[in-house]
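Here it is: the structure, laid out below.
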């Protein structure tokens, strides 16, 4: 209810076109209406696409396959696009049963159902350091594509062979925002950001061994980047990076 | 040297307008030319404004006041705007001597000299959780202003009194990108991002005591944000946040 | 033996109603009596309900199913209510065989046998941030119910959609003490405590990924809460929270 | 504005006793009214005593003496009791100038001005392990006293001489809630909670050396307490413990 | 070769009873003799019982069952007692095949073959906090028994019910050295050491959950013990504690 | 009060030699008698020398010079030996004023007053790795000397020149217990324990830089020692090591 | 393209022997040529042997068996030697199918195909502390052998029996560079480096338990080595150590 | 005493040219001779230059100025070159008094006295990322120069402007070993090692702020380097890196 709506309502009451009782009910209702649906174990947020430009996304981790499928069904029923992240085969089996048109992206471990969304303005480049970073890079890619963005995948360009990323300067420069995915020492975002004047969303991955500590080394490397324009999301959080990049690409 | 320049040079050689020796020298020179000035202890990067939209910024931490002033003088000599972060009074005294028009921002601990830069497209909102977060918030504000952006400061709206931030929804919604600065548990970015569909740059601060561990609690809280659209920079890194926000606001 | 008992005993000795030998035995016995039963691998504490208002509870973790069942049988034999936490199906199979009336709560991973206990004075509200936090929230709920408290479950009200928890202010305000269960950044307790003047017991969960570090991020967030009235228990310790909340609700 | 107020207002509009314009203004105002006063660097929360039973408290850490005094003056002007924690001598000098009736508690590092508040129902016992824990224990004591509670101080009863705390069982049993303050290995809350059926608020202190890591050892010890009824606040957070204990003691 | 041996040898050379060549060989041999047997993957140290009072012990962790059995056979062949720690059923199957008289201690996860060793002077008391600490306590017990010590097991006397350990003061006082095994907050060693004047070897266990971090909480608690006489070994290192206690008991 | 005392008392009551009132008082008194003196800020434990063989020791850290002097005076008044650890010059000035016969050990940062105590049975060797470890080694030495032990100081024998410690095998072998003090990688205790069959108390020091993390590297090295017979005390805890070594040397 | 090549090309253009268009194409091509082959999921770096003396090595961890086999086939096709590290049996099965001459080293978990490479100048000694360190030591050995080096394996010489490593001084002294592999407290590199004047590459292993924290204790021990000449690689990184040692041995 | 010396001595005894007593004394003496001088607080190792190619170096940290000067005097007396690291002005004042020819290097915080040493074979390149890394880079440079090496300093070439380090490929390629010094994210060693086939010694510095954690971020980044040929020394350990590089350059 906008201020204009409120004014119109009050005018109606003043002019006798609306009884005080009815106005009372409507005003209280506005305060009380729940923009979500309560499934007992979850509150599905159907207003999110109004409030945040994209409907609720299901994080598969820590939910049963049945819970995922139930939430997915409600989202699709409302005509929203569907995105389930961290979805294993068991979740996919349950979701497919209730949303037959959905797709499963095995590398990205994601389930999607595409719907029309407003297109992003430019391209989102996604650079990854090594082959082992692909699942996270693809989670970002699938997320951003579903949200209406054009993606340019530039994979396996880690700094151990610096010529690989230097050779892709042109493609990187053409992007409106760049997602850089790297494990181990996580140096790629610094190098990319040092080459360009484009916002870089850095995603540390848990790829590595020994003192990589499940991605902490890469995370710290990215947070301490000496280059301008690098902000960081959680370890392995391809979804989050795709989401932010899409927001920026829709500005 | 652009591809077109290269073509022109080769045409000149072909037509005898340029001797091969001279061409050789110029081509080698192009590969070798250093877009920076070597002061012995530092290489001042004068091409950065071409490459990255804003000239080199001086991080005061770990440099002597003399080193800071020497680098500052070179930057200003080239007509660039000046930004020194983490500058204490001693550095300010040295810089003022060589750059008389510079300003000192005590809360932000920053030295600036304004020059014309391309203006950002919208407003950058900067929200901070508490009074103790002001130095970091102001570092972000001073940085972004110098880079040509309009700033809306929304300070002391931490989640312990949730009505304070809820009451500023309108100002927040008017921004093109939001910087959220918070210490202690670092929950403010999650709340702000959950209210809106605008990219949020979260800056954890070292404000807090006990198990805040110099900002680690806030940093972890922000990295683990359950809301969409939150990316994070280093603890107390107001400069970095201002810089990224400016990049996004210039897209 | 109370001071009054002691006085009576000494009077009896003085008056010849009790032989010194007998008095000696009784006094030594008082010092030596063991308020527990030694099973070899465990000392079952049968006096705990006198000393602490509720009998010994069995933490299933790290005990064999046989050990759990043996201890459970002794507790039930004395007429006490039974609570086994962190009980898997194997433990349930063994306990059911010796305590046929017991119940198994699958989500909470708990075994209970209800007995009459003194009722709590008001309601304990249990708020949880996400669907994945349910096992911990339910462990708290089952614990507090068994201890005689009325529970109000308010689930899936995390701060990513702040309107969800704001919409439940009334139910929260009606509680005498509130348990707030959250993983990831653990911001929900701060928001709840900032809305009300009621003690909040915060339970961090190990839900999250990447830099949540198995609940450390949530734990630190809660310990550093900028809101008044928040105290914290161990990660995933629903039992502990239910127990404290019950103590407060019985004051 | 209660639902009844709303109804009355709408009736007035309907009956022509109130112009729609005026009603509009009042309704919008209700949504917009700020229950705080904006000093630029801080938003003083004057409604907190209504919302949370006690007015805003000033955490001195990270604020300048001038900022502290300015906020203190506003709080006292409204007739609220005053509490400044982590206040050094400089802050005290500034506050004394504007609030002449205030008191300084040197051990607790706190400034107070007492006003009438509703009294707590029973006694809050505060047990501390060693002499070095006194500043934190006193911060808790001063806080809880200002909030209307009766305090029983039981100091220097650490577990290295277990007879000291065992000898105080009676005083501990007489309390309605117990604050236990300890550094080093932080074992005292476990021992106290194991003796009684009363909620224990554990406060780890940064007292210790070597592998105490500024209170982490005590914090972890308390979080992992094997005894029932222990919840924990941040390291050295005497204020927080006093505040929670007061809430419980006012139930 | 003792100094006396050396003198005798030189006398023999001087008197012509020993040729210089032969003396040369013997002296060089003394420097070169290897007090161990090289199996390729391991060097079995047969002189250890001379040098350290007890022969080499096999840490099963990280060795294959075949490697364990091969080393065990060599040790037994020399007439030494056998101790294999962290031995699973597979290792036991292999060892039993080559050392038929060996015993397997399932709770302690240890294989032993007893031989005559010099008896300790007094009793070693082993106190444990909870049922889940038994495997570590038993590893200590089996180790110390094999090394010739008398053991008094005092199990499940954790501080959550302080009367349990207080009730065992007499047995504890009778010991010459005490091993205290505890997980979670690891407070038991402090309490025991505070009651007595006997060296306490504290063994943290990985028992616990959440913020116990696999025994770190207990380890830190024990290292920071405010009581005199507590030294600490590695997490779950029952063997090490048994070994040190035996050394002290043989002094 | 021994069981025999109790019997005698009851006989007296029975025979009319003692009034029940008087017996009541004495029995209650026994339960209540405080073996310590309450100074308000500290409870001086005068029975410790009975219970633990040595009177209370004052840890200077975190106490004011006045508090230290007050406690010291009470201890000396009772005829006990005095030990203050971590005592700076200010504390020494205060203590000297009230205990004129006390001595100050500058390297060890300790204040002592010697009194007759029972002598230890053998020698305690104290080996240190480097010159920077001297303050901790001397704290151990001063402590153990005051407790009646003979000390053999073997300093600057770190493993970087392994011949230094190998050359002291004889002195080490002559000891009854060995304290090994080392910072940096903390390898010396492993080497010493591998050479001998004598209990080693390892003391990590905070000496080192970079990734020594204030002694954590040395602490972890010692806890993970692959040699038998090594137990560990807190970082820089020379006092604790001296105390344990004395206990063992008095067995 | 060397400077001489560039000069020749320009001469050709000048003399009309090469059209400007053709020269343009060649010069641009030089800048753009990719010294790698793009498989979609990986960019195989065929120029690495020119740039870095040894072709690309495949880190098996985090790659599927199919990906490993595909990359291996491309490397072998070019006539390069093959090294796959962290290869499990599944990877070996796939690689064997496409590279029949390859060998599998089970202990080292490595796949190799030998080709002629330039021989190293001296011997690389590889010392390991215990039997459990063999997989890492063998990874180093297999790596260095494939790169043309002579290896001397000196295994199971940990510091718990210091005579073992002292007895191998001669073999150690004969090496040109020494790799030292150790878990637990990681003291062996300090001892070895203190005996000799030869570069030591230290490899911490994840062998250990409790507070070894998966190799952190050994890593910190090695980083803090008090001996000269020790540099460190990642936990369990036998490959990296073998590679560096080979570089040094080829100088 | 070599084997030949031993043989000669025995021949002399056999031939009566040497009395057994005298031979006994000499042989025992050989075993007992101490290759160091004991100053009480330090054992100056005069044989180190024989054993390790360079005499003992004095780490100034944790030693008093007097101790440093005393050790320095003994080293210089023997004709050895002098190196004191981490020497402040106070140490320099003391050393200058006893070693008048010494030099002080303020940036490197080192004192040296040059003497003839064997020259290294090639050049050691030292690359540093930023101006703040100079003290550590200079400590490495001064160390390596004193040990007879030619140094090429390549400073301020961090990856934020990748063209800076790429432009120095030629100088880097000319080195025999490269020291790379970097703070913040520590990415420079990976980039340098990826460009070349030369051993890289990486030195993390404590330069940075926030989540750099005093150099941990850089340390982890370097340990996890995805490039071949990188080994790492302790944070800020310029001395160690210079020393290793010198060893390699003397091979």
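Labels for the chains are A, B, C, D, E, F, G and H, by order of writing; each one numbers its residues from 1.
Keep in mind that, in the parts below, contacts are C-beta pairs under 8 Å (C-beta built on N, C-alpha and C of every residue); 3 or more make two chains touch, one makes a residue touch a chain.
None of these values were measured; they are calculated from a predicted model.
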Next item on the list: Quick one: how many steps at least from chain E to chain H, stepping chain to touching chain?
Entry: 1
Item checked: Set of chains adjacent to chain B and to chain H -> A, G
Next item on the list: Tell me, please, which of B-H, A-G or A-D gives a repeat of the E-H interface, judged by over half of the contact pairs matching in residue number.
Entry: A-D
Checklist line | For chain B paired with chain C, centre-to-centre distance based on mean C-alpha positions, whole Å | finding: 51
Checklist line | Whole-Å gap separating chain D and chain F, where each centre is the average of the chain's CA atoms | finding: 39
Check: If you average the CA atoms of chain D and of chain H, how many Å lie between those two points?
Finding: 55
Checklist line | Interface hub residues of chain F, defined as touching at least two other chains | finding: 130, 161, 195, 210-212, 216, 219, 223-224, 228, 234-235
Check: Taking all chains into account, which pairs touch?
Finding: A-B, A-C, A-D, A-G, A-H, B-C, B-D, B-G, B-H, C-D, C-E, C-F, D-E, D-F, E-F, E-G, E-H, F-G, F-H, G-H
Item checked: Residues of chain H defined as touching chain B within the complex -> 130-132, 134, 155-157, 161, 163-164, 167, 207, 209-212
Check: Touching chain E in the complex: which residues of chain F?
Finding: 51-54, 57, 176-177, 195-199, 201, 219, 223-224, 228-235, 240-241, 243-244, 247-248, 251
Check: Can you list the chain B residues touching chain G in their complex?
Finding: 3, 6-7, 10-11, 13-14, 16, 19-20, 23-24, 27-28
Note to self: Under the stated contact criterion, what part of chain E meets chain D in this complex?
What the structure shows: 129-130, 158-162, 166, 184-187, 190-191, 193-195, 208, 210-213, 216-218, 220-228
Check: For the complex, which residues does chain H have touching chain F?
Finding: 32, 34-36, 38, 40-43, 45, 48, 51, 61-63, 67, 86, 204, 206, 215-216, 219, 234-237
